[in-house]
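Structures for review follow.
Look for chain A in each of the two complexes below; its partner is chain B in the first and chain C in the second.
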Partner chain A sequence: MTVVGHIRPAADDAPPRPERAALRWRALGLAITLLLWTVVLVLCLVPLALVLVISVGQKVEGAGWEWGFTAENYIRFLVGAQWPAETTFLYLTQLYWSMRYAVVASVIAVVTALPFTYLMTRQSRRAQALWLVFLLATLSLSEVFIVMGWDIILSNNSGLPMLFAASGLTDWLKATGWFDVLRDWGLANPRNVKFKTSEFATVLTMSYLVWPYAVILLYPALSRLDPSLAEAARTMGARPWTVARTVILPAVRLPLLGAVLLLFVFLLGGYVAVTVFADPAKHTTAVSVYEHVRGSTLNAPFGAAQSVILLVTAAVFLVIGHRLSRTSRGGG
Partner chain B sequence: MGALSLGNIGKEYGEARAVDGITLDFPEGQLTALLGPSGCGKTTLLRMIAGLEVPTRGTITMGGRDITRVPAHKRKFGMVFQSFALFPHLSVRDNVAYALTIAGTPRGEAAARADRLLDLVQLAGLGERRIGQLSGGQRQRVAIARALAQEPDVFLLDEPMSALDAKLREEMQVELRLLQQRLGVTTIVVTHDQREAMTMADRIIVMSRGKVEQEGTPQEIYHWPATGFVAGFIGRANFMDGIARDGRIMVGEIALSLPQAARFLDGSPVQLACRPEAIRMGEGGAGANRVQGRVTFVRDLGPVRDFHLETVLGKLVVEHGSDQSTSPKIGETVHLTLPPEALRIYPRLPPQDLSGGVPSALAAE
Partner chain C sequence: MLRRLGQLYMSLAAVVVALPVVIVCSAALNGGRTMYFPPENPTLDRFGEFFVSEPVWTQALGNSVIVALGAATLAVLLAWPIAYALWKTGARQSAMLAALGSIPFALPPIVFGVGLGFFWAFLGGLGSIWAGIVSHAVLFLALPLVTISIGLQAIDRAHLDAAATMGATEALTFRTIVLPQTLPYTISGFFFALVLSFNEFIVMFFVSASAFATVTLQIFNSLRNGYTPTMAVAAVAFIAVSVVVFSAVARWGDLPRLMGADQSRS
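Here is the complex of A and B:
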């Protein structure tokens, strides 16, 4: 009691100082929060709002665009410019190709990265670090550079087709009948195999582009996986493939889904690989956006509408993925 | 089936020698404990028996058949892991039925077998639960039931109690022992806990630095530890360094007599060990090996008291029933008798060879 009595007067003298200091800190915290929000607003929300505004604006012939509130850009995307007289699904088809390339390429990347990453996590710490550094380093290569590389590898006169012909592989394919199968798949002309301007080349390059990301996305989940889970399965009679199917895959199904989704959204906006490798009839929405905004037609409002639709598509897939992961976490 | 035998099994990781030429037999239907401090190679040995590690040398045979290179999934040895390694994406029942499911047993039959096993480990009715909803003790029971589902030829447990709290651990030791006796399955338990080994095992194999120090029944190992290491690791012991002379052992100025002393040549360095409960304290009797000691500390443990004493032989700890009338206080001087038949003697090795955690006064509680 006496101790409290001694302390109290001293405490009564002090209050203004700490309170003022606390106030100053709070003001500073508020200022930083405000600044951050301003940055987010200016860098993210304002451009997004601008795209939204432009997408409902009107094109001015030979110039830019003007304010407006029209749905015609969106209608054009869905059923064509001549609607209701004539209905075309040109732009929806492009969206279909966007999704198809992105789905196939992201699934290929994740499925091939899974066994690689699993084996990587079983290596020594040092080996794992070296692999990760190497993979991170490859991310510094630009998309253009990688696409150029594949362009050369797949080109008819100097790439793999030449190697196929020179090594006799083409003749062997013809002799065994596989050549006709490749022709059916659009991967051969009458004389030799050809890879360029094909869905195969497009998807291959896109999955190559995101493959390091797939490894990095799967790495944390796989390295956290308790090795004794697989060992326990082995002692219960599971062969290596059974272990993978019944233990490892179910244990990492959520990170797998997450990786596919993230890479899908990333690839949805892929541009370079599509313009170089895809048949123009199978070009994507992203290519079309570029053509309308910067290319020959100079129709910014329509370009903006297309990018809004691309954005909405990505958001829809993310929401579906979120739902899936929630239900499988709860009940599966 | 038949007995499991190890013939000169060794495992090296680069330069490090984890298991160093071990030859052992595991009789059918018995529970054997592999006991030793961490890093003594006991888990590596168990993993080689399970087929999860390939020995660098030696052979493993099961009923006369060489299984050294047979992969784990073809051995039909059930194993309980230290972390239990239960599959988080499966229900309790599906975990237990895993071995049956992947072997192609019809679903209904596998589920029925799993339910019988859950009943056996006293988890009846919890089949639908998810692993995340179970307590540590329940998880361990699931792990045991799962390992038994394939009716294993050998049942292996790697530190099965280490994830449980002390009270639950003792209950589970008894329960596991009763279960093992009921099923009569050849069982090998790896543990670093001597009480656990003594509670459960028919036979204990004490290991140190990749080698077998001693094998025997719990009583043999406790009362006749073959080496100073075993004396220190199993239970507690007072250690004294001495020199053999004229059929007795000189510890400092004191000559102690014991039956085995004559086996040592004059002048050879020896180590003596004596259990704290074997030292008699009080005035009564004349007899050999009597010294005086001054009480420095009394540790009251309920049923027993530990007296820490300063003597001419060095520091000694004596355990005494707390109900006995003679209860010296700190600072008092008492008479101690070290009965010759309770003293154990070992050749004294250069210090670095005794580094298995044996301090000079009192080792391992």
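Here is the complex of A and C:
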């Protein structure tokens, strides 16, 4: 049959030109589809699968790690390596700090970004574009630059503490007794105020880091808000605060929750700000992941296990958020 | 009264957002080796060091540029067919592909970074610059995917119907209608990926395995030895690139629309 096919004159069985072109298009489309699936599956999912698989592997002393199937790394995360002889909650404490920084920073960012974004959407299209350029430029700025900037502002021999001392603000604080309060909060040493290391500086930098994201996440919802609703409420005599509470807030409740959740997931893996500004006793899981995968205590399986736990934490919060949004949608 | 309060709040926010950036930028003018604010002996020498004379920084800058350009190009090339198929057919498998491609961007970056570190260690690409390019392309695939999809949805269906009634083939329609109308969105997606790749740190940290350094990596490495004004120059350069790129997007693309603004008002 094939031989016959070869000697058959081409003009006979060649389909009309357009059909042949369509066929070629379809083949090309199929090839591209296959290629895309391969690339996306391999590059997006295989790395994650590897993290999962290696997290149940075993560390080999001085030689990296080997495949295995053990819960050892997870047990170590929960109760420490010496368990059951000895129990430590070191790694759980780190996870607690991860969540605490991320929750506080993302809530602060979203709450302060909300009025800003609302006011921004009431401006002209041109002004909005200008603000967006400004925000996107700071948003894309690398974490290392932002930490560097805040570090200069907050470090003890330059920036704010020096400004406090020079302007006499430190003396005023001492005279009024606020200085002792700041010392209780860990924001002052015996001589002057200090912000490094402190939880305040960590959270400040982290919320700064995600603040432009918060604006951009709230922007679509707020810009679609019908201004006539607020106007109608106002003409009927509602005070501005009442308008905000009864018209604007209910309309953006779900985007608000969504923004907090997304920023939380992003900050959960925050690394540079924590290493620079947080007290070593209050370091996070992300720092520990780094230490175990690339740092001094090489133990890739344990680092992988901690990454999985970060992922699970993020997923749990997302599921809770989803539930919340569904019930609130049902109730409202 | 309330209007004043609003303006005050917006200006305050602008000042706080600009504050660390301004401080880093002005620190770049320091004459000595230490970062002071305000700068001492203001000079532009540090710019020469960063862009021309210090090999550590010029190499890092070169790597950053190669990675960012390569990753953004690759991301756009991957995103185009995915977005096009999704728009054209709306099939469930296309939607799934798009969702899969957006996963890396939605994860905490450190987790994907660790995974990619393992991945390239297996393939033997760990520490090579092309592994860095591919990694960033995948990480930022979601950005051109979103902008191109927005662009495709913005195409007027009437144009497509007209083309179809006049007997244009899919290829011809694609070339004469789809491609030109989505070009601004494609370029926006390219630039978003470019700028974010330029500034990305943690994923590149795991993928590079210290075999090469981009500017952000180099800065992080030097962080332990204290800051130098040359590092601040890097910050200035990066901010300048971001501002130029996003201004271009705002000028030739529709930035409020890309960010999801309502179309009915202007």
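Everything that follows uses one rule, which is that the second predicted complex is superposed on the first by the 302 of 332 C-alpha atoms of A that agree within 3 Å, B and C clash if a C-alpha of one lies under 4 Å from a C-alpha of the other, contacts with A are read in each partner's own complex, and residues count from 1 in each chain.
Just so we're on the same page, contacts are C-beta pairs under 8 Å (C-beta built on N, C-alpha and C of every residue); 3 or more make two chains touch, one makes a residue touch a chain.
The structure displayed is predicted, hence computed values, not measured ones.
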Partner chain(s) touched by A:246 [first = chain B, second = chain C, both, neither]: first
Partner chain(s) touched by A:68 [first = chain B, second = chain C, both, neither]: neither
Between chain B and chain C, more extensive residue contact with chain A: C
First, second, both or neither for A:208, with chain B first and chain C second: second
Which of chain B and chain C A:112 touches, first, second, both or neither: second
Touched partner set for A:43, first chain B, second chain C, both or neither: second
First, second, both or neither for A:232, with chain B first and chain C second: first
First (chain B), second (chain C), both or neither touched by A:152: second
Partner chain(s) touched by A:265 [first = chain B, second = chain C, both, neither]: second
Chain B - residues contacting chain A, complex: 50-52, 71-79, 81-83, 85-90, 98-99, 102-103, 146-147, 149-150, 156
Residue ranges of chain A in contact with chain B within the complex: 226, 228-229, 231-239, 242, 246-247, 250-251, 253, 332
Chain C residues within the chain A interface of the complex: 2, 6, 9-10, 13-14, 16-21, 23-24, 27, 35-37, 78, 81-82, 85, 97, 100-101, 103-104, 106-112, 114-119, 122, 134, 138, 141, 169-171, 195-196, 198-202, 205-206, 216, 219-220, 223, 227, 231-232, 234-235, 238-239, 242-243, 246-247, 249-250, 255-256, 259-262, 265-266
Chain A - residues contacting chain C, complex: 18, 21, 25, 29, 32-33, 36-37, 39-41, 43-48, 50-51, 54, 112, 115-116, 119-121, 125, 128-130, 132-138, 140-146, 148-153, 158-159, 208, 211-212, 216, 219-220, 223-224, 240, 262, 265-266, 268-269, 271-272, 276, 286, 289-290, 293-294, 300, 303-304, 307, 310-311, 314
